[in-house]
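All chains are identified by letter, namely A, B, C, D, E and F, in their written order; residue positions are counted from 1 within each chain.
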């Protein structure tokens, strides 16, 4: 039995609330169990210097965690004067994941920044950020389409992420903080609704894992992301019906 | 008529939701109109170096704003590598305001950090932070009392803050963003439930204001903080009844 | 009796020496008792990016304290790699105070930076900085008028600042370091020669103060700034006669 | 045909020269084609604060690239005042990879830092760093064993890394810079001589890749790391025979 | 004829005023022509970590320039967040120069920091800093002797510095700003009253200089420092007579 | 007898290997005894802002030391977030030394950056850097000439540097680390093949040195640089013959 009482292939409850950030072009407050991330999409009519004049757009991400999103208070990165290596690694991952499903040429010369700020943390914050950021991005692009800035929504399907790991209960889906802290292996899968792989990050914590174990984790991730794609779909539909 | 349709001495609707941050010893999500600040209180069993061995505690604050809490996205302070002068000024003000109503000797050698993070901004974020932080602090102290770490709650009444200003409509209470941007004078009052003044910050924007105008603003602030004290009271009662 | 032997409404001796900084367009070395601040005005023919092309000028300030201006050596901010929150708060205050009496449109597209560097500190350094910076600014503007860059001096009167506080002797004018360290309330008033209020910063240190106490402090400040306006006047006259 | 003329499953020539850094407890200058990384191991008789008194050691890594290791000069991170997100991501990966094959308890309370500095870059610098760092670590541990500080060498086999990718020629082994720049997917595999997986990082650049493609890349990596394990073996034997 | 009208071997007027910084254990405001530097000595009863428990003291220096000490305003290093290479080079030189004439063992386990802040700059600020800092140091040590903390003053003679250079007028003594900007060679000599050399820094600006030219510059420096030693002597005598 | 067994006027063995950095326009790996520095020259078709439109080029340098180039590991400057004062002092010296023999007007509006990275340190790293950087610069300029970007090589002879010092064995040439650590005086001479002096840095460590001692050191430096000029010559000839 897992610490949370879940069976090995059960996701935690997932909800996605849109419109929480009133000024953003798109926003999603995603909850995956006790993990809660506010994702906002901000559109700017300019691209970074390395893309100027190339007729292509840009999608990027920034990630942060409120100091008391965690069990014990972490120090504020703005006060320390730098972002940790972990923060930079995560925000680079979020940005790459979303670019992989965006047609940047169809977007044209504008930038969209996804800010993912963790309000409450209970494991899987980078995966929840990717899943929620896709919703924020999709809403912002829908707004551009309604305003006739874009003819179509330049997305190639949905992207979502989930972490799986090897624990005392074997391969399990959607690690919470307790499981994550003691897992022998921790893997993050970023997958698309079309069945493609966007990013795989697998890390052995104590000792190496086997190919067979890895395949089990991948199978769980494919199952788990189906739940996330459905939650994304529902959130978009509810938002656009409103 | 004010841009929001309010009369000159009307506050915006105020709500305070407790427990939003699940790990914090105390937390309050305060909404004053379109301004929304998440305030958390974190207890640590140590004091800053300058207080070591002096038998007294410490209360301090940190302030931040999510990049897209505002109309246009602001840059993330953690990414820029430093907190702005404005941020530092505000977090110093919040800390001073709460210390002014805390009996630090009765608290004993421990520290409480109030994190105030603005999720949505529509003017008055520093005032909402002080008002909400008092609730988070009060809840954390109540928890210490219930756990018998403290015999009594070392607070000398309540503290709350409101901004008043001189606009085209004259002296008005509780400026929103639109009013704040064009006010001839912007004043923040931090007052206690016992009728004391904790902090006054009054700034002429374009041209100096008169003593008489200042007294009008102070009178409005006294009226407005009554609303805030009641909201604090209600939030504490609801939280402790739960 | 106050520690310095002064009566409750006595300022410390004030002198303002102009021309100390030989390269600056205007400079004032102001002494208020044991506090000594070198203020310089530097003119630049450009405005910050946010004002470009708007036909208006800019006045800003920077503040610093020599490491050994104080009883015990403070660390050098340039060596630490950042300005403290206190420094930023003070320099923002100085800038705002001077802008409140400057007609920025009449100044036209140029910037004036006031550097206020404390050579010796004995309380009231931010107030002395504002009072001295006005003289430096006035001299720089006078130079621009003599050079026919400006037709008139774009100042709306004088601005000066003084701190008042509640001590064991009651409400007193012009706190020195000893008084400042133990005052129950510390208030800074930035007032104009026309009787207007530019900025009020009042802070309760230990416990809240009352409205009545606050009015006493304001009355003292109005009396004290008369001395400062006279000293500014005398300094300008002497400098322009030379 | 690949740009370098190699067949799809051919590694570039690999050489590992030990002892290049004369002061280090262990060092390896690894060359994988045109990529050249100097790896040094430094032993310190202390552990980071979070491990103090826990009876366990620590292995960590730092990574850097000389400004002109690349086609066009990159700016020096020390001059810019911060390490890029990419640098931090890589050095965290190197550290995790080596810890996964080190018995930290058997190591005891000491730290080993692996510095990996790229002298010439032609793709695959993070993989060459891991492969070379293992040799430097092994030599440092061998020295501790010869000096009777350690009874046995606390390593659980060898660890090495290689990048594979999807290019116009399909799945290929050991990407060089030209291939890396245009690959549709770039995957790094950190594998052990015992057949275990330590870390997998797979990234789709333009469009998602399939599970089948991923398995091909993994198979290539398993083949490629055999070459690297042999080169590590040979380098250690030569060094210890000397 | 030199731009200032001086003959080739004439120093500018030198004055040294002591006691300007009222809180410092020793202070000297040195003026060499239009260059004016405030030097303070601060005693602390502790040594840097690398000297702890070694029974020896430490003398170090920090250097700064007020933003408007120069013809055009320079940016404030505290605001930029770092000290320039030039600043660091100069403060290291000042520290080394003073340590070379201090008996650190006789000083015992305490530190003296010399702060040299340029109030007005007209060339030769590093030399004036060294010359003035020696006076501040000497006064602080005299204070320690009078307070019977030290039995004798742990100084091995006086140290002073002067710059010489090759200009259109040939080898000249004590360059001012105009000469310094166009000199073909700029050399700084730090010499002792006993005739020893503490530091030589000679730099060709446009083209290399000859050995013969260098000897001329050294001869001028020996002559110039005699003037400085006399000024130091006079300042100490006046201060200690007071 | 010197610690290394050398006689007082003997240089350590010097070798200069060119082409080590495959991407740089010029590179030299210089070894002076146990000191080893990789010097690269990078050409850019732009000049720093202060030279724009002035029709002149720029030569500058950056210096670094790998963390384990030394006996005990030094911390990485990129990780600490700033370059030390020593690093900045050295890179400024290298830049000045090379500019002194470069005809910047003949170079035209382009910049050449010399990166000097110490791979192994055994004293004299700044001198080896200058000597090696000249070779890298010369090769880069030769490449520009062969590509007909420049008509002639805009160098006024060769520049090289050596350190001399006063040790227990008297004045000696080319200090290694052991000698450098205990020398009473440490002097660096940057000289040209035409017999000119470009830079002299002489520092007394413990006590001042005499003029006569200084002349002995200068004579040794003149002798030592002859060896270095010959090594530079040989390296250039070998490189250009290839």
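Here, contacts are C-beta pairs under 8 Å (C-beta built on N, C-alpha and C of every residue); 3 or more make two chains touch, one makes a residue touch a chain.
Everything numeric here is computed off the predicted structure, so don't read it as measured data.
**Student:** Can you give the shortest number of steps from subunit A to subunit E, where adjacent chains in the path must touch?
**Tutor:** Minimum number of steps from subunit A to subunit E: 3.
**Student:** Just to be sure I understand the contacts, which chains border both subunit D and subunit B?
**Tutor:** Chains in contact with subunit B as well as subunit D: A.
**Student:** At the interface of subunit D with subunit F, does the proportion of residue numbers present on both copies reach over half, so same, or stay under half, so different?
**Tutor:** same
**Student:** Could you put a whole-Å number on the gap between the CA centroids of subunit C and subunit D?
**Tutor:** Taking the average C-alpha coordinate of subunit C and of subunit D, the gap between them is 59 Å.
**Student:** Subunit B to subunit E: how many Å between their CA centres?
**Tutor:** Distance between chain centres, rounded to whole Å: 51 Å.
**Student:** Please work out the Cα centroid separation of subunit A and subunit D, and write it as a whole number of Å.
**Tutor:** From the centre of subunit A to the centre of subunit D is 28 Å.
**Student:** Could you work out how far the Cα centre of subunit A sits from that of subunit B, in whole Å?
**Tutor:** Chain centres of subunit A and subunit B, defined by C-alpha means, are spaced 32 Å apart.
**Student:** Quick check: what residues of subunit A touch more than one other chain, meaning two or more?
**Tutor:** Residues 81-82 of subunit A each touch two or more of the other chains.
**Student:** Using the touch rule from the top, order the ring's chains starting at subunit E and going via subunit F.
**Tutor:** E, F, D, A, B, C
**Student:** Show which residues of subunit C lie in contact with subunit B when the two form their complex.
**Tutor:** 82, 85-86, 88-89, 91-92, 96, 100-101, 156, 187, 191-192, 194-211, 214, 218
**Student:** In the complex, go through subunit C and note every residue touching subunit E.
**Tutor:** Spelled out, the residues of subunit C in touch with subunit E are 20-24, 27, 34, 38, 40, 42, 44, 62, 64, 66-73, 76-79, 81-83, 87, 113, 115, 117, 119-121.
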